[in-house]
Structures are given as structure tokens and as C-alpha cells.
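A short write-up of the structure that comes next.
Order as written gives the chain letters A, B and C; numbering starts at 1 within each chain.
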Amino acid sequence: MAGMLLSNAERFYIWDGVEENFRSDGRSNKDYRPMELETDVVSSASGSARLRLANTDVLVCVKTEIDTPKSDKPGLGSIEFFVDCSANATPEFEGRGGEQLANRISNLLQRAYHSSQAFNLKQLCIFEGKQCWKLYVDILILECGGNLCDAVSLAVKAALFNTRIPFVKAALMDGGNIDLQLSDDPFDSKRLEVGTAPLLVTLCRMDEENIVDPTAEEETCIAVSIVVGVSGNPALYTSSEDTTPSDHKCTTISMSGNGGILPDAMKIVIAEGITAAKCLDEALGRTLLQERNRTNLQKKDSYGFLK
Amino acid sequence: MPGPELLSSQGLRLDGRRPDELRRIRCKLGVFTQPDGSAYLEQGNTKVLAAVYGPHQAAKSKLSTEGVVVNCQYSMATFSTSERKNRPRGDRKSQEMSLHLRQALSAAIKTELYPRSQIDIYVEVLQADGGAYCASVNAATLALIDAGVPLKAYACACTSSVAWRGNHPEALLDVGHVEEAAGGVCLTVAALPSVDSIALLEMSHRLHMDYFEVVMSRAMQGCKDIEIILDKAVREHLAEGWTKPDVITI
Amino acid sequence: MPLDYRRFNGPEDSVSYKQFSTNFTRSYDELFKGLFDENGKRIDGREFTEARPLYTKTNVISQAKGSAYVELKNTKVVCSVFDPREIVGHQNEYSIYGQIYCEVKFAPFSCPRRRRGLAPDTDERALSANFKTAIQTAIQSTKFRNFQMDVFVYILEHDGACLAAAINAACLALTDAVVPMMDIFSARTAAVINNQIFVDPTEAEENLALMPTDNETNHGIITLTVIDHLRNITDLQQIGSIDADCLIKVIDILLEECAKLMPLFKDLIIDNVFEQYKEHQVYLSIKKQVNEELSNKVKEWTLIVKDK
């Protein structure tokens, strides 16, 4: 974040800590900060999740809309990401100040979700060539404490996991037009298959070390960071046994910052990114299943921001 | 004229409240660490986050030697309404709301204490279910208190509407989205109840002068009720807050 | 021209004729088979790991400080670099780094899908952002503090690998504009379809690489930028779904391909320097000649004046 000013002494403190594999908050270079996740926090959306990663706070909501599919892809629905950097996070985002960051993140997500192996748009099809679901994934960034990309991708996956799409009860054909009747009962709905949805992992290169989950202070000391999007394992997101586990594959790689990285180091970064994503995916899958099982038993009390 | 269905024969409203009843208000101060003050407030299904930065040096274009410049931004999340919004801010309605917020909050802040400075108040509506402006004012007041900005009094806002029971008007307190959409009168009052003054008054639709007093006094009563709730929340927060250390970064 | 919709008597609901064209109805496997012949050569006669020949020319735009034109068969790109200018307006803080402003635009006639409007669309904005990360590392921005330098890329024709072509053009345009740089850099793109790597893909290959598939094979597009002798990767963009082994293989191939471009760029730059040196020599000789003539004239005139 641009607003943070660090003196050289502070920078050196961070750099030296990374070299010793002992960061200023006590973590090693490969540790994430604790996270809090809650799904189903906004009742006006089809699915929502709020993730708090130390000081980073994101709220993701999924809204559904009926749309006509593109003529060249008649059997596919569509997914659109919109990122809004709230001025609550920093006064710099007031007005259109956060637009650049917002565009960067929504671009990254759009690219990461592009592949059919990452997110299958076929499940959004209602009537081939005529009607499909369009998912609007709205991401609201409420506080920036570093490592936005990772937090956003986790929250997006959780929100999609939480999304319910109403069943189509009946369809009336009237000439070329189709009149759909949707089920009114909120429980008469299907869930999305989001097991393969990608997670983004930001790896920051500091001297010879790669660190994950940088704090806002650490982000100011980094020359180059690499975002690796890695698809998830669907077996972790369902309690049934019959889904085949799939490999973790790279769905997007993007670099940012003013600096370069040696080819050998790049290969290590990619391998580490995939390992980190694997761990995150496991943790997220476990948490989401736990929460779903709990809410199936009794009605959940939403904590939201009141905790 | 609104339909009679706003009040049932037992005198209950669509969501089961009595005419003089507020929706449940739940709030929390200090939800974020980065802003100088922040608050979350939900009033029924209307949920609002507010953050306060400042007072800090004013931007050159806004600088005033008289007192602090209150800079407000009201934005509604794209998912806050049942129909998805395309833009969170910048449209006519949110710009108007920003101005109204500024109006109400400048009245409450002791502006003369900080000449050449600026206070930024950012309000984010997460869910709008009627009375988003009122919830914003109430949340912003809490955020200002959390930031330690000196206030003259609590700024509280409340809406009221009118329903008909036979020929007898009955004022409805704290209008919900359904009642708002029914097309009746909607009177919005932002007041400083403890000093008995009104900071902002706005009304939509037509109302006969004879009934104005009824509606107005109900709204003022609502503001007073809200003040009690906010005051309690602040006291509770302060009682527990001092024992909790702030998050230490580096 | 405003359209008169009332006179349009077509049916309300229509289906694009393209859905019935042979290309559209063919399956993924058929399309994939159509990209190469039985000898393992691509339809334009290249090997899978063979890049298209690169044609380049510098100093093509007279108004710009430096410019370059790069052609990869049907992909044609022009890049122009303008003088640093002082940052004015809202950003009144002094910055120790120079700013680089990058803009990538598609020409309206560059691809089958008609592009319109002056405002950049999402593709162009994303492309500009990637382009900027790729080139900014090589530029020594501390040499023009508090100044902003503009780099514009205009894609005249798009037939795959336009980001790589744009970055290569930028390298040459920046050297042509004598912008202080760490070193020259180059970029290459590869597409992966059905686990098969296509270096320097055409648009048909890129489209297929991003098409949704039912199988579990690798597919995607990778663009890599590398600084020459530092061997530093300054930008790596990937989209699609590729496993780690394949990714590493592609990176190695791209690094090799990028290295192949370097001697070409160096030759061109050296040629340019020679040419400029020659031009300078010609300029010096002309200057000398003119000076001599002038001094002769002065002598004549002084003689005339003295005579009078």
C-alpha cells in the first residue's frame, strides 16, 4: 500500500528477519497469519463470505442473474468479478482512487477462473443457447493489511461454495422465447461445484528468500511479487467419496513490481506456490464442510461484524 | 395516499412491529484497526459500516480557517439491494446522501476546535432494507466517538411515515423497505436529541399540515430512543475496551 | 450514422450464422488435429518449437523520440516512446523515480472482432498493465526523476503473441529513444494445447488454447520476458490450466527462444549506431564545408570593405 512510510532502519529490520526465517510477528517465511471465515453473512445475496486475515478484511457476495449465453458459447454460463475498494480501508481509495488496484485484482481473478478445469461454466447452463445463469461476484475490500489477493481468492471460493442457485420448476416455450418459473423456496436449490476453483498465492521475493502472506509493512519492502493461481481439489469440498481428486494445476501466473527473478528461482517459486495452495485448499475445504454440517443441524447465528 | 394494508386490524405493521417500535439495533464500535474510528451498526436488515479518519491536515483545495472540514462519502455495496447495483458510488443518489451526511454530522461535531484540518467519514452500506441514511448517520456518530472526535451531542437519525386506521392517522416509526416502497410519506429527521435541535429534515411525498406534528413528534421520539441505545453501546464498549490492548504492528 | 431501427424488418430473435459454419461445429479434437499435418508440422510449415521469423525496423515514427516496428508474420505492432515530461497537476509530490505510462491499443481493423471507441476496453487495460510490468524493470527510472515517460503501443494486426511482439518492439523503441536501460530484453509466447507446446502461437492456436475442454490435459498461454545478460525474468504471464512439470518445460523453451532474439536486436542496435555515426560524420563534413564557405565569404567582404 502506498500510504505506508517506513524508515530505512525498519526496512532493514524486516529484511534481516526474513533472512533469519523469523519475521517481525514471529512467523516463519512460510506461515500464514490466522484467518477468520464466515459464510452466509449478507442475506440479500445468493451466497456470501467474509474473510478476515489478520488486518485484511474482505466481504464477497455472489448474486445470480438470468442471461442469454454468448452465441459462440451456447452451453456456458458466465461469471464476472467486480472489486470495490472501499474508502473504509484507506482514504486514498476515496472516489476513484482504488480503481487501479480493483482492476488488477478483478483481472487476476478473471484469468484464474478462465479455464474450464478451474471453474466449469457448464453447470450454469439452463437451456442451451437460450438461457444461462450469470454470476456476479462482488468483492468489497474493507481493510487492507497486506496480502489482498490471497484473502480475496479464499473468500471468493467460500462465497461460491455458499451460493445456492434456485431450481427451475418449469419452462414454457412461447415461440422462440422461454418463460422460466423458478422455485420460490430458498431450500429448493442446488449448490455449485466449486471444488476446482483456484486459489491465489502471492509469493514475495526478498533477496534469496520467498515469503508468503506479507503484511502491509513487508509489502513496501518487496521489489517483486509473483501471484500463482492454483486450481483446487474437488474431493476436499464434498463429504461424498465418489469424486475423483484432481491435480493442482496452475491456472494463472502474474508478476508485479519493479524487479526480476532468476529462472531457477522462478521454478522454485511456482513449486512453492502450488504447495502453499494445496495446504490452503485443504484448510478451506475442511472449514467449509464443517460449517455446512453444523448449519445443517441447527440454524446458524450470524456473527457478521458484531463479534 | 398509502393503502390501508400498512397496518393490520390489530394495529400491527407488516413486519409485526407496533407503530411506535424501532427495528432491532445492534452495533459495535472499533471493528477495524486501521481507521482512527470505526463502527458497525445494523438496524433490522439494514447493515452499515462507518470509518473515520482524522482530524488530519486538510487538502489544499478544501482548507478552511474557520473550522474542520467534514468530508463524507456514502457508498452502497453493489450487492446491498435485491437488484444488483452497477456502481457502488458516484451516482446521483449517493452523492446526495454524502451531502446529507455531511450536513447532519457537521452539526454534531465541534468544528471550531480544528481549523485547517479535515475529518474523513466513509460510510459503506452492506445491506439496504429501508432507512439506510438513518443507519449511516447513527453508525457515523459511533465511529466519530470511537475516533475520539469531540461532539456537541449524539447525532441520531430516524424515519417515520403515516398509515391510516379508518380516518385516524397513525405515525409509523423507523420505516422498512416494504413500507418505503408502498409509496407513502417518508419523513427523515437527523437530530441532536439531547440539545433538542434538528440537523436535517427531509420529506418525500405529500402530507397534510394537520398531520405533520404527529409524524414529526414520532420521528423525534425515535431519535431519542436511538440515542439511548447508542449511549448504552458506547458505555459498554468503553467498559470493556480499555482492558483490551490494541493490535501491535511491528 | 444513426440506425433507423424501425425500418429493420428482421425477426426479433436471431442466431448467428457462424454457429453453422464448419469451424464452429467441429469438435475440440478435430480443431486440434487441424493445427498440424501428419508430419508433425504446423499448418504454416513451422515446427512446434519454431517461432515465426521476426522482422523489425526502428525509427519509423518521426514525431516520437524513438520508435520501432515489429512483425511476426501477421502480427504487426508499432511502439513509440516519447520524451520524458514533467509530472504536473494532482501529483505534486516529488518522486525519486520516473514514471512510465504505458498504453496498448488495438487498431480497429486489427482483428476480426471490430474494436471501437477511444477508451481502452478491458483487454487493452489488462494488456497495458502486463506490458508495463514487463518493461519497467529494465528502465532506469531514477535517471529521469519526477518525470513521466510515455510508451505507446499500437497493434496494427493481431495474429497471436501480440504481447510478446509489443514488448520486443518496446525494447527496440526504448533503445532508439536512448532511454537509460539496464540491458535489452526480449519476450516470447507459447501456447499449450492438449499437452502439446506451440511456440509463438497464431491467433487460431491461441483461441484453441483458451477454449473450454472436457478433458484433463494441459492448456493455456504463457508469455515470458527476460533481460539479456542478467538472465532475469521480469515478467511471466500465464492463463489456462497447466501442471508444474509442463510449466517448467515451457519456461525453459521460452528462455531459449528469448535468447535467440538477442543477437538480432544487438545487430540492429549496432547497425543503428553505425548509421547514426555515419550520419553524424556527413553532418560534420557539411558543417565544415559551410563554415569554410562562410569564412571565405567573410574574407571577400572584408576585402571589399577595405577597398572602399
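Convention: contacts are C-beta pairs under 8 Å (C-beta built on N, C-alpha and C of every residue); 3 or more make two chains touch, one makes a residue touch a chain.
For each chain, UniProt lists the protein as follows: A = Ribosomal RNA-processing protein 42; B = Putative exosome complex component RRP41; C = Exoribonuclease phosphorolytic domain-containing protein.
Everything quoted here is computed from the prediction, not taken from an experiment.
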Separation of chain C from chain B in steps, with touching chains one step apart: 2
Chain occupying the middle, per Cα centroid: A
Chain located farthest away, centre of chain C as origin (C-alpha): B
Computed distance of Cα centres, chain C from chain B, in Å: 53
Centre-of-Cα separation between chain C and chain A, whole angstrom: 32
Residues of chain A that touch chain B when the two form their complex: 10, 13, 24-25, 42-45, 48, 55, 57, 59, 61, 63, 65, 82, 84, 86-91, 94-96, 136, 138, 140, 142-145, 215-217, 304-306
Contacting residues of chain B [partner chain A, same complex]: 26-28, 31-35, 38, 40, 42, 45, 47, 49-51, 53, 71, 73, 75, 77-82, 84, 88-90, 120, 122, 124, 126-129, 247, 249-250
List of chain A residues in touch with chain C within their complex: 71-74, 76, 103-104, 107, 111, 114-118, 120-122, 129, 176-177, 224, 226, 231, 246-263, 266-267, 270-271, 274
Sites on chain C touched by chain A in the complex: 11-13, 15-16, 18-19, 24, 122, 125-126, 129-130, 133, 136-137, 141, 210, 212-214, 216, 218-220, 222, 226-227, 230-244, 247-248, 251-252, 255
